[in-house]
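In the two complexes below, chain A is the common chain; its partner is chain B in one and chain C in the other.
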Partner chain A sequence: MKTFVSLLVAVMMFMPSLSMAASDTLIWGRGGDSVVLDLAQATDGESIKAGIQVFENLVKFGDNSMDVEPQLAESWEISPDGLTWTFHLRKGVKFHDGTDFTAQAVYDSFARIIDKDHPFYGYGKWKYLSLSLKYVSNIEIIDDFTVSLTTEMPYAPLINNLALWLCPILSPKAMAEYKDQIGMHPVGTGPFKFVEWVKDDHITMVRNEDYWGGAPKLKKIVLKSIPETATRLMALQSGTIDIADDLDPDAITLVKKQKDLVVKENASVNVGYIAMNTSKPYLADPRIRQAINHAVDKNILIQTLFQGLAIPAKNPFAPSIWSYNDEIEPYAYDPAKAKELLKEAGFDFGREIELWAMPVSRAYMPDPVKTAELIQAYLSAVGVKVKIVRYDWGTYLSKTSNGEHDLCMLGWLGGNADPDNFLYGLLSADTAQTPGASNVAIWKNAEFTDLVKKAQKTFDKAKRTDLYKKAQVIAHDEAPWVPIAHTKVVRCFHNRVQDVPLRPNGLNSFEMVWKK
Partner chain B sequence: MGRWDMLRDLLKNKNTVLGMVIVGCILFLAVFGPVLAPYDPFLPAPLDRLQLPSREHWLGTDSLGRDILTRIIYGSRISVMIGLVAVTISLVPGTVLGLLAGYFGKTLDAVIMRVMDVLLAFPAILMAVFIAAILGPSLVNTMIAVGIVYIPHYARIVRSSVLLLKEQLFVQSVSHMGGSHGRIIFSHILPNALAPIIVYATLGMGTAVLQAAALGFLGLGAQPPQPEWGAMLSEGRQYLQLAPHVAAFPGLAILLLVLGFNVFGDGLRDVLDPTLRT
Partner chain C sequence: MNSSVISRRIVQLILIMIGVSVVVFLMLRMIPGDPAQLLLGELASPEELAALRHDLGLDRSLLVQYTIFVKNMLAGDFGISMRTGTPVINEIIPRLAATVELSVAGMVIATVFGILAGILSAVYKNTVVDYTAMLSALVGVSMPVFWLGLMLIYVFAVHFQVMPMMGRMEMGTEMHAITGLVLVDALIHMDFAVFKDGLRHLVLPAVTLSTIPMAIIARITRSAMLEVMNQDYIRTARAKGMEESVVILRHALGNAFLPIITVLGINMGLLLGGAVLTETIFSWPGLGRYVVDSLMGRDYNAVQACILIFAVLMALINLGVDVMYAFLDPRIRVDGD
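Right after this comes the complex of A and B.
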């Protein structure tokens, strides 16, 4: 009966727009629409999901891992002083508009982001610069198929940054033609060509027959926006869509029960956490922050609200990322000890502190409001009065980056999967400057910051690992966060879809996917 | 007509009795909730989440394992309070404005009623969302928002009564005998204009509860973990397939309360409105 109702509802909803998908067309349901399809400007997962079908970078992450592999660059080397990176480019690659891929395209794609004098500079907003090419001071075309990047200081994470969505290679012809509209007309070298974008409804792409890696198996991909989770779930259950993204843990439990549906899981590189604003005097004492860590039972939280689709976090980044310090002993769930620490630190139990709950669910925090309510109950059990505060997402992000909160929930999908991204990006004193702090604990620890900055300039992986492990010990002892969980990345799809890849950050290009 | 006659008339109408019983029961729950409720409405028990109705939990548990019956009982206090406060917020200024506009007429009337028309031009829920969004999401602001939205309705009703009443002989005579404006308005006009206001306020209770639930559903009303019915309904939406009862029971509660007030209000109107009497 349930299935019948679901089927009926889904059929009624999709009848006018699409009938059952053809066997070489993939219908991919997701929670929201893309914002911009020029990925150098993208800051949201929905844009990236669509854009990486169209674009390629010099290097890429593995299909199911975050190891850096060649893509448009076949090989590269670093100068002995660690400042210059030389890339040897793939030959015979064409953009979707028929132009050839050469070093000039790399130059234009990158120079537009960092060079204010470049003609394309004004055509976009380069918001996540620090994650892409911030430290690159010079780009040089050596010959048609060789290009070099020079950084202002030795900067080891650069290669990971280049694999990130933020460094796509676009057709120079298209950039010149579409100007500031390039975000609506993506032209890359990837396995799929962009066809059409109907805002808040769908994006259509067709296969690139001339793709250098061999034409993809799917003829067409349609990314359909279906904001309501329950509707997306029903559409998957009834088979009107092939893939449903961003289902909540309870919905995934239902998907697992249906025989013709598949749930693929992979360890992720994300982290969901509660940041404690260390600039507030009543949260400044590390013992108070340790106490809050002791007060929360992460195992119960994960077992219930996360439906087991996560591992408890004890460090700022996931164990799947190198240099994870597994020797750190997590703060055990111990309300008695929490109370003791609070008393010892002279915490004012009459004060009500605010816990800001994310208004949207994210992969790292699938049910933020319920999570906040549970944490509120845990804290009230140790005598800390908590008020839950909600804002819309935009306001939430800007207010937290101003340090206006007491406790706030946030997370990081993993960026370039380099420890630097988490430790420097989310916890260093440099990034704790308000407004615009990405270290929303506003935690300014000189020793920690020194360690992670030194690691940026260190190319020897063993030495970097050592530095990061030390930094994690400080972050643990000083406890600016309650690290909550590293959720698994999950992709739910119909079993007629084959060879579905799943990278730890959940973002894949689909050239290998096919349908039975 | 004496008071007892009115009561008798009220009790003759089956619908009115039904309305009174429903509203009475919910008022009873609201007053004695803490004594009656079997569990703590706020304390999560995550391991018992999303349980179907059982002997331990008559209406099942929600996504944090809290007893839904307990939360609905506590939620009745919120809903009844919203109804009362919101109606008061619209009733008092609405009545005063209506009295002033109707009694003094001319420019004052024109100014007041045009402002009311502007407020009325927006759909009620849109206006409420707008006000709640400006004030920020909270229970108090919900009541204010819903209250403001309905001010023009009361102003209009009162004004039209006043326009009729001030031409009546008994009012005219007080006026000619030199009675002050205040005395005329509050001692002679207002008491005679009360009947439609009472009817409208009763019906308005239901509307206010429904509007507040809508705001709660949209996340603009009561904040978690408060057991506001609209918010409970909204969070249950996520579990419609897995545990439909999480949304169904708060929805039913809203339905019952609104139905109760409406049926009761209809009955009151039949009794109080002389033009409908046969």
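Right after this comes the complex of A and C.
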């Protein structure tokens, strides 16, 4: 009897019950869990990845581009003074809880973020206001399907902000019901309905049969947290999961070798850079900063540390964003010229300069420590002594925004993909005020700042493009940064998954995805 | 063990909790890194940072923060997670269940096979059996958990495809959680398919987790057994003509148990708090991973609550070990000291 039981147990345990996901269920493996599913409160990619399946905005980015397109707003117009935006809303749209989408929902979703007297204001912590509704001073319901936003000053980038995850439209009924727990119970109008969230394990969503754009093909999406890259890679290779996100360059190389797996790449909107603190006297001369640009061979950096999954950067933002100035000649790798410029500028070769290395890897900087070491070697080749300095991430961010560094590595994942976000946000004199500078080169150039502020108030895209192109020339000549690279966005998946979109910021709704 | 011992233990527990709470509270705030800055990332404006610090109560004095923390904790409120905005306790309970299930399973495997190996090598001292068992113990204690876990996944889940690769249940399984322990819940629901599935998911991570304690238990069992095997009463038992298995299991093992129980207690505590690697490799949604993530995000409330829970668990395990001593050794039962 005993033998029989143990035999039975043994057979039971090892009976292969290998589960291939059903053909209408997508298993999507990723490195971490979401933090909060009310996207107006989200600052991390894993939350956005899940939330944008559930929520929609007034406008959205293209499926494979960052051009703004209509979503819950069918059309919009801007008043002649550039202050009031009027949106005409889509009719017949329902939230997942069955309530109707109307102007009231837009009002409540936005007013809770900026109006301290709104009943939902206290239900969340509203992050990144400068990327959402910071400049909106008034929201007005004109009729059930028309709503207008008024800004404090003419602000052209607003339309990109509205397409960003930070401005989702939620069901007012759900916001009232769930209060400060709305982040655990997302209710939107999107192609998938939220079902379940087991923390650190998985999030399940099912298709919204009543979706206004037509029911999606997938019946179910399971977002599975698989923190260990090796496990995630094996899960993809063995077909246990359909998509594996956040694989490192080595793992991607392995995926490319397996026939039934696909690696899709797209240009990205991010930038990784070295900022040179122009407020330090020994880095104040533009010739010194140009010399440092000449001393670094970006192509070698990209081949070795980015495994080729990036393009070298010459401007503050990527070529996938409109108004990119392609006429600018990048600083060529030329150590001799670098030495010459340093001598000309009277650089003190006895001085040791600090290079601050990021303690965490980001999409725009996959291997920060080795990158720092390589740059240290390049600079010592032209006679500049470099000491690498490290801090934990939180301290790093607060000290760099305080201007305490000489050279520091940083980057930007792309924000709202408007040139303003890079040029004003990361390089204007307004954002170079310490403490709290996001322009960590502490570079205060009046001409540049005037151009980008003028562009904020210009609604004609051709004119804005001109202004941004001029601004990029100044940024190039004055060289507050060594722009390093724009890493590509990559998505690895099994070839049974079809029509996988890949937006340059890597964040897509999966309404058109299906499985063979 | 009389009641004065128990009450003394409870007083000790309270003192330990106060000590732990002070130390954790201060240490968290001494390590560099600002939770608000970590939450907001690269493009946080000073106003946003200040507003968030205020919301999180980080702009108040340490004494005020500590008082609030203790006051809330006494009311059973561990605060709100700074990262997710949900009550910390809601984040902890399901993860604690996952960790307990995994550690208990790992400990059962380690205990059964560790004691077995220890007895065998003591009985067959200096033979091939002894050498094999002790060499395996050496390998077990030296093998990196990380490597072992990945190899087990590769062999059993990828190559032979006989075991599931990760998680606690098949993806898409829906079961109403009562205790949070998959196996127990499955039995309550009388759902044997889920029970089998949960058991299969448990095997590889539990084996991975068990190797180190198993090796330690095996070595301790061996030396404890060798010590008692030379005692007079064992000779007496044999001389009375008792069967060898009874001599070994009852007379020898029974008396060798005290050091083994101590090691079991310590290792159980270690497993509960230190399963981070195993949980990461097998995508096991446990507390170890949660503490690390929370610490990286400087989620003070979450880390404080987890450490306090670990401290209580550790104290309870120690209490359990003491009770076991009393149960095993009548001499301890009488005087209590």
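As a working rule, the second predicted complex is superposed on the first by the 496 of 516 C-alpha atoms of A that agree within 3 Å, B and C clash if a C-alpha of one lies under 4 Å from a C-alpha of the other, contacts with A are read in each partner's own complex, and residues count from 1 in each chain.
In the analysis below, contacts are C-beta pairs under 8 Å (C-beta built on N, C-alpha and C of every residue); 3 or more make two chains touch, one makes a residue touch a chain.
Note that the structure is a prediction, hence the values are computed from the model and not measured.
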item: Superposition on chain A - do chain B and chain C clash or fit; value: fit
item: Chain B versus chain C as contact partner of A:K179, first or second or both or neither; value: neither
item: First, second, both or neither for A:R287, with chain B first and chain C second; value: neither
item: Cα-centre angle that chain B and chain C span when viewed from chain A, reported as a multiple of 10 degrees; value: 40
item: Touching partner for A:K337 - first (chain B), second (chain C), both, neither; value: neither
item: Partner touching more residues of chain A, whether chain B or chain C; value: C
item: First (chain B), second (chain C), both or neither touched by A:A230; value: both
item: Which superposed partner A:K94 touches (first chain B, second chain C, both, neither); value: neither
item: Partner chain in contact with A:A372 - chain B first, chain C second, else both or neither; value: first
item: Partner chain in contact with A:D200 - chain B first, chain C second, else both or neither; value: second
item: Distance of closest approach, chain C and chain B, by C-alpha atoms in Å; value: 6
item: Common ground on chain A, meaning residues reached by chain C in one complex and by chain B in the other; value: 230, 234
item: For the chain A and chain B complex, residues of the former touching the latter; value: 2, 6, 229-230, 233-234, 248, 250-251, 253-254, 300-301, 303-305, 357, 359, 367, 369-370, 372-374, 376-377, 388-390
item: Chain B to chain A touching residues, read off their complex; value: 42-44, 46-47, 49-50, 63-65, 137, 219, 223-225, 235, 237-242
item: Of chain C, residues touching chain A in the complex; value: 31-35, 37-46, 48-49, 52, 55, 83-86, 91, 94-95, 150, 153-154, 157-158, 161-168, 170-172, 174, 196-197, 199-200, 203, 280-283, 285-286, 289-290, 293, 298
item: Residue ranges of chain A touching chain C (in the complex, touch as defined); value: 12-19, 21, 25, 27, 32, 35-36, 41, 43, 124-125, 127-131, 180-181, 183-184, 196, 198-202, 204, 220, 222, 224-228, 230-231, 234-235, 237-238, 240, 391-395, 397-398, 401, 410-413, 415, 425, 435-436, 438
